[in-house]
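Quick one: this structure, given as structure tokens, is what I'll be asking you about.
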């Protein structure tokens, strides 16, 4: 059995780790951190935690003092994560960091988008936790930077295209839509039921912090610089993320052949599914599961190729991916605890 | 391993059985029936079924012909279930019937509320599948009538009171609210997104088919006739059911003592949780789980006792209860495959 | 033309006054108060205000200094309203107070439920603003206490019954459900989209501040003390309120006759509609309108009479009623500016 | 007073005409057609129609026999509209057709996307009913083809750009999202609450019937052929439509200058509002109103210009535009009956 700590257990990604690990056959939570609930049991803070899987809640500082565990999940805000990683690694724990703190390879780029980095020497030690790209590196890592939700939905959709000569992948046009849990668990007027519930709107149209992460990874795959024209939107659902991506065709390409390419590319991936022609990704069909659904169409009339992806932003876009990484890092079966079907309806 | 058949696999209770059994360690689906999809694999009809747990879909008739399995779940409409039970029993299968066909002990009462019964001799053979009342009988049964969703939410809320002399339980006033999946998976205008989505409304105010079922079971527990004043409503959520139940006090009773009574009554139940004072049942905290949350308050000012319950109508109110019954019938651990936490948010 | 001030213009009842008055043929807003937006124009704070109906926003204090207007709407929190009423009356304005400050006739009862009253001498000067009960008094009043949303939905449903000898109206059992805008426009976790959106739950089960208001008015109509067993719930819709009310029958009574009684009682009311047999109130059919829909059923089997009502909590439950009162107070046609149909779907 | 007929009164665009005309000072409905409800009064079919504005429902054939009215609104399915236009025109009525039957100037293009046209000679007689493009022609027209919802949201967003040399408008990339009422009022599984409610998905990715309409009008404005790369999506709201449009920059262009261009272009339009920098269109702020909100951003980093628009698909995208057209055709003030603010929240 693998003993896990969850830092920041009462946020949405923390709660989702609790949910996923409650049925994990090998990894169980021994303690969690919570500023508000320190000193209580998880079942007191979260009415749905059942007694058999209960665990104590402590302050972050308490938890760091003597971290008796094998792995730590950091579901902390950007900027806070980097401060706790070093003591955990030194105590011999493996670490999955769900924040953005170690996703960007370049501390200056980090500074441009997030502010000054407190521990830039950690950066080269972290592996970018997208198993579909870095599975072997993750297996050997003791520190993994779990990807952002938008980057996951965009990178998985684009990877098979990036080396094709028939398409211009230098600047995909990406129109993404996220469920409201992506904004975190704070109380804000713009994510209140009355203001977000019968609403759909773009936000962060020119500048969103997930852009450098997408560009970094897509550039690596392409072997040349890639920019992303990215527009995020807010959907009135709790969970779910769809990215609709447009890439210009340089030469004619049939939908059948490109779909075949995707199927081949993802044939052995446990969590990526390429939909048959005429089916499109729907957040309802991945909700609560670690799946990523992809669809590809070619618009011959206008000369564009369209790739669409759907994930649950809290699962494959955050906590599910973190468990997938933890499975790899600890030598477990990659899909252990992650085979649940979506909650539909 | 226990081999299961699911009849009516593409309705909401059928789909929920597929979801729950996809992570069940012992019971797996060998085949399902579907009028529309007969001849296909489940993964073709349901885009979220993963390859590892795929199974063939057949017509109901095909499935009956040579039912190679240990147990059958009948997620069929009322009236259709009773026609397939006998051949299944004769082929040696255990049967969990999710329809109302065998819930009422009296064929005449059935006729009053549902129409003529086609096989009344089956009735005495079936055990009413509420483990909190009939656990031992269910263990020995080969035919279980899975309870209705409203009855489950009401009976679990009232059972501990029924023999108390301090309250008048002869006719509780029950105000229940159900998520829209309770109306089934057909295409109807009144359950369309635009008409049900920003709507809340009562329906079936005087006459709802779940009334005789509640009255039958509550009368048995009370040892005397009980009627129920029942008003159902439709909530704009997919899943979830709350019952708010009012019972008149005959003598003063403290909330503390009555809450203690409930805690004691349900102490060893794996799926019933009595909330602490000041907490109220919320569909969000049981969504997707097999839990029933209860809260009790006493209004001394007016002399009424209020019991509130929340369940997921598709889980504890249908398919989760069916799996719980199947576990008991096949000698498995009662909560096997049912320990998942709710999907929150 | 009637010049109006709106105090507290950026809360939900304030915004709804802006919406309703934007198409009112006689009353127009000359200024509003807003702590956050003082110094701006309404169209800067509220992107949907059109230029033709724009008005300046000021601090409450500024607005009180020289209130050049004919009528003031107070959409302020309880406790704040009572402090601004006297200067407005002294400046010759009529006042519609949407808070609870003057709804209760007895300052001690107010203290029990809300805290100490700062200006109890104002209380006898205010008329309770339910035109269906006090139309003539409102016409002559210069100070009106606009009713609470729950009381409106309950009182309108019960008034025709209160003097009937065939029913026991001493303590109706009232199960009410409100849309989330009823909780106001603050940012709170429990009304956030993710936590309230797929949720249904009771709250304030024993003690809700609208109870004394209902009991006061129902007791007056009955001519004897009436208590109310009241349970409020939160529905995942922005707007809408349904009350389901149970009253015990003392003697048999037919649904037809009692429905006839209601139709007769409300025959000349512009905003109360009694639905035909078999139709039930639906928040979707009153959303955005000043209508109250009522339905009545008799359950002979159990001996209870059920009355159901639906209103839009922000319109007939707040700002629409305030405009209705203002129309009466200023000698306009009662339904002026209030004849819009609901937004359906 | 202008007497109006509404054909197809119980669909969503028909219902919306009833709502808008209920507060119109000059146009009132004298009769409506409904297959299901012929022979009844509107208030019987639609519980929210108030007595003062009631009108009879007849079959389409009855209504055509002796159409005593000044104007007819056709809220009929594509293909049915064209069959009733000629008799109405011959009886001297003006006609606003909300279907697609007369939107395309070329009967062959119509055939490609919709099927054979039954009365192609009508086509040249109809004016495309977008007042922001064809105001003067509409004033003189007796037959107006009311635009589609997607085309309205896209054309209004792009018109000011189409002649600019700094941008490549030959094939805008358009990512649109529509509320579910856009799918009409039939009962379908994919628009049921349970399947559409917690879902977001693309549909009709390569081929949507609104494409030729957009291309026709944009090409006219540009004075050269324009294609549109169009992807529609379904949002879980009843009403609302957002289009996010990407156009490549050929030369640098500042957001400030282009925003100024839009403000100038739409300065005197009553229903188009250009939002200030940093504000983005939100369906919540146009819901129920005839407004179109626009925002423009320039992404210098990638060389794209982004235009975003929001409308209520049933108002500015259908019935509100129809009333706007009717006002122009009958010599009324253009915004008569259309000045209502959105229902927020």
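Order of writing sets the chain letters: A, B, C and D. Residues in each chain are counted from 1.
Going forward, a contact is a pair of C-beta atoms (placed from the backbone, for glycine too) under 8 Å apart; a residue touches a chain by one contact, two chains touch by 3 or more.
In UniProt terms the chains read A, B, C, D = N-acetyl-gamma-glutamyl-phosphate reductase.
Everything numeric in this text was worked out from a predicted model, so none of it was measured.
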| item | value |
| --- | --- |
| B-D against B-C, pair bridged by the larger set of C-beta contacts | B-C |
| Identity of the chain that, by mean CA position, is farthest from chain D | B |
| Intercentroid distance (Cα basis), chain D paired with chain B, Å | 46 |
| Rounded Å distance, chain A centre to chain B centre (Cα mean) | 36 |
| Separation of chain B from chain C, taking each centre as the mean of its C-alpha atoms, in whole Å | 39 |
| Contacts with two or more other chains, residues of chain D listed in rising order | 12, 181, 194, 197-198, 236, 238-239, 282, 287, 345 |
| Contact graph of the chains (line, ring, star, complete, other) | complete |
| Residues of chain A that touch chain C when the two form their complex | 12, 180-181, 185-189, 191-194, 196-198, 236, 238 |
| Chain D-facing residues of chain A, complex | 171, 173, 175, 177, 179, 194-195, 197-203, 205-206, 227-229, 231, 233, 235-240, 242, 244, 246, 280-284, 287, 295, 297-299, 301-304, 306, 308, 310, 345 |
| In the complex, chain C residues that touch chain D | 12, 15, 18-19, 22-23, 47-50, 52-53, 181, 198, 238-239, 273, 275, 279, 282, 285-289, 291, 293, 339-345 |
